[in-house]
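Every chain is named by a letter (A, B, C and D) in the order it is written, and numbering of its residues begins at 1.
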Amino acid sequence: MTAYQPADFAIPSGFQHYAGDNAEDYLGPFFYRVQEDEGGEMFLEGAFRVKAHHCNMGGSTHGGVLMSFADYCLCMPVFLHHSPGVVTVSCNSEFIGSSCEGDLIMGRAELTRQGKSLAFTRCTLSVDDRPVLTASGVIKLLEPR
Amino acid sequence: MTAYQPADFAIPSGFQHYAGDNAEDYLGPFFYRVQEDEGGEMFLEGAFRVKAHHCNMGGSTHGGVLMSFADYCLCMPVFLHHSPGVVTVSCNSEFIGSSCEGDLIMGRAELTRQGKSLAFTRCTLSVDDRPVLTASGVIKLLEPR
Amino acid sequence: MTAYQPADFAIPSGFQHYAGDNAEDYLGPFFYRVQEDEGGEMFLEGAFRVKAHHCNMGGSTHGGVLMSFADYCLCMPVFLHHSPGVVTVSCNSEFIGSSCEGDLIMGRAELTRQGKSLAFTRCTLSVDDRPVLTASGVIKLLEPR
Amino acid sequence: MTAYQPADFAIPSGFQHYAGDNAEDYLGPFFYRVQEDEGGEMFLEGAFRVKAHHCNMGGSTHGGVLMSFADYCLCMPVFLHHSPGVVTVSCNSEFIGSSCEGDLIMGRAELTRQGKSLAFTRCTLSVDDRPVLTASGVIKLLEPR
């Protein structure tokens, strides 16, 4: 289990790494922080630095990498308040912009509905406030063992 | 650009690797072959061997890895007949089963509609004929330069 | 509660109407039958006759009407075996062909996963075997009261 | 072609009806207005009054009706600036709350990306600021004849 440092990926301070998911680190690593908007609502912010191995033959960030980061942003707002864990039921993504090596991709996620067994989240991934992907997720809350 | 051999990943013979996309190899590698069904229709089959670094903290194949492979399976049937290249416009995935390290995940993709500028594909990822993910994609055909 | 007759809508024999949902009848009416494929697997078939009031200004069947019929086809395979009722959690649709007044739209739905609290279904709507819409749904099984 | 009046459906003033789509009127009718948010960004607002014939056997607004209204909200921001017309390529919906007869459903739609041939939109349908459905759409811009 490796603990990654935001600074090593030129990620803004205030972000943290969740250690414990090897695949997430292999695909990313991804970082998060909880923020408050103007209206006092909390939202989750994710951060990810694109490296050469994340890019496809056209030099753009691979769609699978973006969907992996979106899945992280969609699950995190639910997982942070549900320690038994969560699983993604469905994930829908629209690819609306491009990004490339060196880009800092920021994710902003909102919880649109929190039920007893299911939660619904949406996120937008952006580079310098230019959106590159929108996604929505249905997240299942695992029962305590 | 690395050419991967199916046998090195215990992938059945007849599959081949498309060399040229570093991210795809980092996320996979993924393999494909074109098959014919009972009715004489062609379909694309993908293959992917799950390694330890593809798995989440629960020991299951990470959702981002599965979506990356689904994206490959959704694009390949269009890309193979459109050399200028393709990009994914949208990708919707439902996570309907689990898989783990060592599993051979097979993908079966069908082209549901081929238009002039857009194509529509669906796929199912399975382990031993047990479905683990269903996905649908809208794929854009790039214009020749 | 009105019981509609398939013959009044030139729907092939063997189909039946589920009486009890006024909105469904207003949007349709829709009809269904359970069929068996070559491999002995059961699947649900839906049928719907397009009228003038179902069509948009371009003369094509309105997307909302098609999604309503798709929702019916996605829910029916689950509902028929779960009397406490079902609700749609998510519904994703791709519009891959057009249809118009007078067309008989047939739906074919498959249950891809039946869990304890959630089921997953997919369907294709077609006119004369030409696909016009593909959809996937996450369906929640209501608990008995 | 009928012109509906917002007041006849107890829709707030300032909304207008787009006359010309019979199916839309049969499914709704639906109304819209263009608004400006705090940051000066324009967004589309839709309005729809739920009647008894829009409700399912459980007394809730039928999912097909909600998806029809969502489709209207997703297309309108694009259609208003593209007179040759638009068609929905894909529409993904999550059902996150319930509504019933008499409810005023408001839709808020944002254009996340406007390309040359495709546009991307998202919307949230709410009753008294309580979200009941989230949706995302890929919209194709028709070429002038």
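By definition in this document, a residue touches a chain if its C-beta (ideal position, glycine included) is under 8 Å from a C-beta of that chain, and two chains touch if they have at least 3 such contacts.
Every value quoted in this text rests on a predicted model; they were computed, and no experiment measured them.
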Identified repeat of the A-D interface (over half of residue pairs identical), from B-C, A-B or B-D: B-C
Pair joined by the larger number of C-beta contacts - A-C, C-D: C-D
Approximate Å spacing (C-alpha centroids) for the pair chain C, chain D: 22
Approximate Å spacing (C-alpha centroids) for the pair chain A, chain C: 35
Residues of chain C touching at least two other chains: 89-90, 92, 94, 138
Residues of chain C defined as touching chain D within the complex: 20-24, 26-27, 52-58, 61-65, 67-69, 71-72, 85, 87-95
Chain C contact footprint on chain A (complex, rising order): 89-90, 92, 117-118, 138, 140
For the chain D and chain A complex, residues of the former touching the latter: 92, 94, 96-97, 112-113, 120, 122, 124, 131, 134, 136, 138
